[in-house]
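Next, two complexes with chain A in common: one pairs it with chain B, the other with chain C.
Our next item is the complex of A and B:
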């Protein structure tokens, strides 16, 4: 899953310039201090990531009940029974389908818009910092706050429908089973775009100017240069954007919970994490939710690998 | 466009030998000038359109939060009949002060933990040698790739049911206590500092802790600032986790109480849309203000190194 291996040489860089004497002294001292310094973080990772991860897998193979602290209830082994329930639940299928719809809209839109905006922003232009700030304002704002505005903009009697007049969709954006999920995908694209613009801006710094000069000597126009120099030049960033978008999609919760009132209409915008919440906590079937979580991780891995293959194909 | 596109054409025709030596040296000169200007205009149009799409909802949110009657129609984009009533209404419905305090405690707790433990870990990973360093670093990269929401269910079972930390600040902070991205950022920054600097201090007998806080930290100020900003928006904006661990409304951070207002308390005030937008403004302003204030220090390269992994 490691996307960018640029950090690997850095690991070596810190260790190998071994000037023998200094390094020996450092090792003696450093080993105790280093281990000590890293202990709180290591404990944090164990208790917040490793234990829950293993615990999910464990729960997914057992019949599991919520209990009050201190009371003990048996959790019998049930094998793949929870997984069978997950795979036969039609809403689960719908949720994964919804995520695919989300990705099909979100990934190309994110990649395209953020790359174009970053390219435009990369030139020496006036008001650069204003534009940059404008793009990342949604990114730093809470989803809950933005959802409040969007509900208001895209509600049945909202700003956008007033603007569109008779062209407004009926039923309206957020309560239309064909439009609810695309709306969420557009919302998330809008909210996250500033982050990806930043990412592409950094990636653009790595493309040498001489490539553009060579291209323009060969008679390539700006559009041609964009496709033959810029797009291949930022390919690693594109892979990162795609994988990041997939993880965002897999994490989708607040938007369907708040924007479309719990995944409606008719589950057309339900997401796997929302389903985990509904089944696991609202309906008290944590074992089902745990199995769903494991399936979701597998899904994320497969889609990420596919995306990586796809974006790196040109190399 | 069409007029300016014509002149280079004769140059492409080889049939006019007497003119070509004259027009050829001329042609390259106007070409870049001509290409830049429409491109520039297109660039500004594109960027301005984008900025409009990005900022309009915020403008709408602000205006709507101050209007006496907030409706969805076009007129509510015009700032007339402004009043602070929506702010007192939302304050009455969800006790804004208490929610803000909860958000603040949670966020500051996370920031302090991330700064203290993250700096220690980042420094150790960059400049110290110890057994297991490679493993810790590999895990650090892995952790950034795990979708956090997947862990919420087992974490909920552990934290709320087993440890009894529901409705508790510790329980609210726990999953975010140390931001792995910040640890990574610190490590990357400390890696760029010359080892000889630290070795000199060691020879003088300084302890590693002293070296970290007296020598490395003052130089790492940009990284610390970026990490602070990146870490801040996590717990401040987080909804799902505090939503799960808080049952009492007096413990809810602002994002959670605003969400509950959004889904089931709107009937309690006279101008619900305005009150909701007022709450959204209160939630949005601290994060946006921090970013705009520190935007010079928050550079794209920092983000880039922050997400590598």
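Our next item is the complex of A and C:
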């Protein structure tokens, strides 16, 4: 008689010694294979996330700058000095204020538009595949190319100002200290909409048709169905979209770097990450940049937790 | 099992750390200073400069087959300084970089990335012999040369003759000498519709942008003072205020746009003027009919007034293992013959006091360049002080706020920038 290990019932504390040994061997093999498969990712996490994070925190408490290899330079402990510099730098305050403005515009706009569009694209409409692809194209297009389109539209001498004529804002969109950050927020919303629409489309597949049918029988119209069935049905996705939008928004770099000439006008569109780049790389102050990075992580955590509380309330 | 996995990870981490540490070694200075062998040099990505560099390296390699030199363009980055700084940290910089900004030298020094050229037995003597008194601005605060002042691009006003003609202005006798003349001419250029902008310097907040709006005008207005003199900010005075007010007027009247141009505004015919060095003549020769005048001053400009040098140095980097070869190549590349070839190929000015007499035939054949050569004798460099980049950034931030966007008075902005820079100088002195 042969023992079919695949079909053998799992019996704990009983059975023959041979069967128990085979089971233990299989578990050992399974855990070894598992460890083997997990090792590359574990190494990736250690080297790409954990080590840099710990190193960043270490740098933020020392006077530090990058030097040529093999040369010794003192990196004395400076306690909270770098953090004090971060909190007393008016440009840092401006950068966080800018990001708040960005998030206040970008996150609700992203959640609202992507849910409405996903609902529309989930319905049986003509050219549905074309529309789905059309909304996704900006997301997979390089920022540099999209920025060129935006500049063509919203530059001082751009298409929109030509249409508006004397109604065009002065100073123009991207050099106006009140409009630059909202313009970036709208740009990023437009650019990333396709990705969030896709998340919502996936979530919409999990809402059973019977809920809509029941609502319909109860006399609910399309709009009523949207608010009473769709919105609660995709709530976990809404949490994901909001938090993801907050995290990507807080890491804003390319758009102010390319669209407003490095955070202009007069720092009104500078972001914390752009500032980290300017301080850490351009001005050779990695200690300041590290402290700013730690503060930014804390900021993102707090805002994300608040967003999660908000989107999950009533659950 | 968990313990074994943890051990395996620990071993891998140790190996990776060791490998990283091995990669991050620097050559022993005493050995490297005497060593000869193959080296790599980096050139800027200016087409004419690359052409000269390739020819120079070919000539060297022909005569020194045992000390082969490889020339490459500086790796891509927003600025050369960022790419060089990254290479210092990684230990991958070339032996020589022929595009080192003097403003970045204090930072590179602090990173232990530079080889002091003064430490070569004939280092100081060679630099002084080649560049004379012009070289003094390039000594670091410890009295050593960490850079060989190589070439300058004295900043002047280049203008598009065709657009001047279109605006009804005399292209051969432009009225650009005084601030009031410059403003009148600018108004005519823009209001006639001949050009979208009279002049279009980048309004971005980059630390180096003052070198193309404020600093040339300040050098001319102040009779050749640097931004920092004797360890203190030295621009919050009538000369600095006049320059700031002049530029403020250009922006306020929309003669200079507040938005960055995504390209080359002079080449595209969008701006009628630009503040640039002689490299632009070769670059624009097929697209723009150019005229050249000195930057304006309140009382009127002259051909011998000081201006910003827009100089680039050649520097030797500490990753270099064959420094004796690098030093010999540096002297070969900056010899009288190679400087002549460099001038001929690029139109840029080798850093020599006797430029116009040494290469008289070139300037006779190329009179447009002579105006730059005259100014090259009076160039002003960025101050060679620690914290140079921070200092320029502090200046730029106040300039942007007041001059470009008019959100505070120019006098208040200069005063604020001056105080901040003094503070930075004190902080760096204390470190």
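Heads up, the rule we're going with is that the second predicted complex is superposed on the first by the 290 of 315 C-alpha atoms of A that agree within 3 Å, B and C clash if a C-alpha of one lies under 4 Å from a C-alpha of the other, contacts with A are read in each partner's own complex, and residues count from 1 in each chain.
We adopt the following convention: contacts are C-beta pairs under 8 Å (C-beta built on N, C-alpha and C of every residue); 3 or more make two chains touch, one makes a residue touch a chain.
Note that this is a predicted model, so its numbers are computed, not measured.
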item: First (chain B), second (chain C), both or neither touched by A:155; value: both
item: Partner chain in contact with A:177 - chain B first, chain C second, else both or neither; value: second
item: Which superposed partner A:195 touches (first chain B, second chain C, both, neither); value: first
item: More chain A residues in contact [chain B versus chain C]; value: B
item: Contacts of A:48 with chain B and chain C, given as first, second, both or neither; value: first
item: Touched partner set for A:142, first chain B, second chain C, both or neither; value: first
item: Partner chain in contact with A:284 - chain B first, chain C second, else both or neither; value: second
item: First (chain B), second (chain C), both or neither touched by A:240; value: first
item: Which of chain B and chain C A:264 touches, first, second, both or neither; value: second
item: First, second, both or neither for A:35, with chain B first and chain C second; value: both
item: Residues of chain A that lie at the interface with chain B and also at the interface with chain C; value: 31-32, 35, 42, 66-69, 148, 151, 155, 157, 261, 281
item: Chain A partner contacts - residues on chain B that touch it in the complex; value: 35, 39-40, 43-44, 46-47, 50-51, 53-55, 57-58, 60-61, 64, 71-74, 76-77, 117-118, 120-121, 123-134, 136-137, 139-143, 145-158, 161-164, 174-175, 177-178, 180, 183, 188, 191, 195, 199, 202, 207-209, 212, 233, 236-237, 239-240, 244, 255, 258-259, 262-263, 273, 276-277, 279-281, 283-284, 287-288, 290-292, 295-296, 300-301, 303-304, 307-309
item: Touching residues (chain side chain C, partner chain A) in the complex; value: 1, 5, 8-9, 12-13, 16, 23-26, 79, 82, 85-86, 88-91, 107, 110-113, 196, 202-207, 257-260, 262, 318-319, 389-390, 393, 397, 400-401, 404-405, 407
item: Interface residues, chain A side, partner chain C - complex; value: 28, 31-32, 35, 39, 42-43, 46-47, 65-71, 73, 91, 148, 151, 155-157, 171-172, 174-175, 177, 261-267, 278, 281-285
item: Contacting residues of chain A [partner chain B, same complex]; value: 1-4, 6-7, 10-11, 13-15, 17, 22-23, 25-27, 29-35, 37-38, 40-42, 44-45, 48-49, 51-53, 55-56, 59, 66-69, 113, 116-117, 120-121, 123, 125, 129-138, 140-153, 155, 157-159, 161-163, 190, 193-195, 198-199, 201-203, 205, 221-222, 240, 244, 247, 250-251, 253-254, 257-258, 261, 273, 276-277, 280-281, 286, 289-290, 293, 296-297, 300
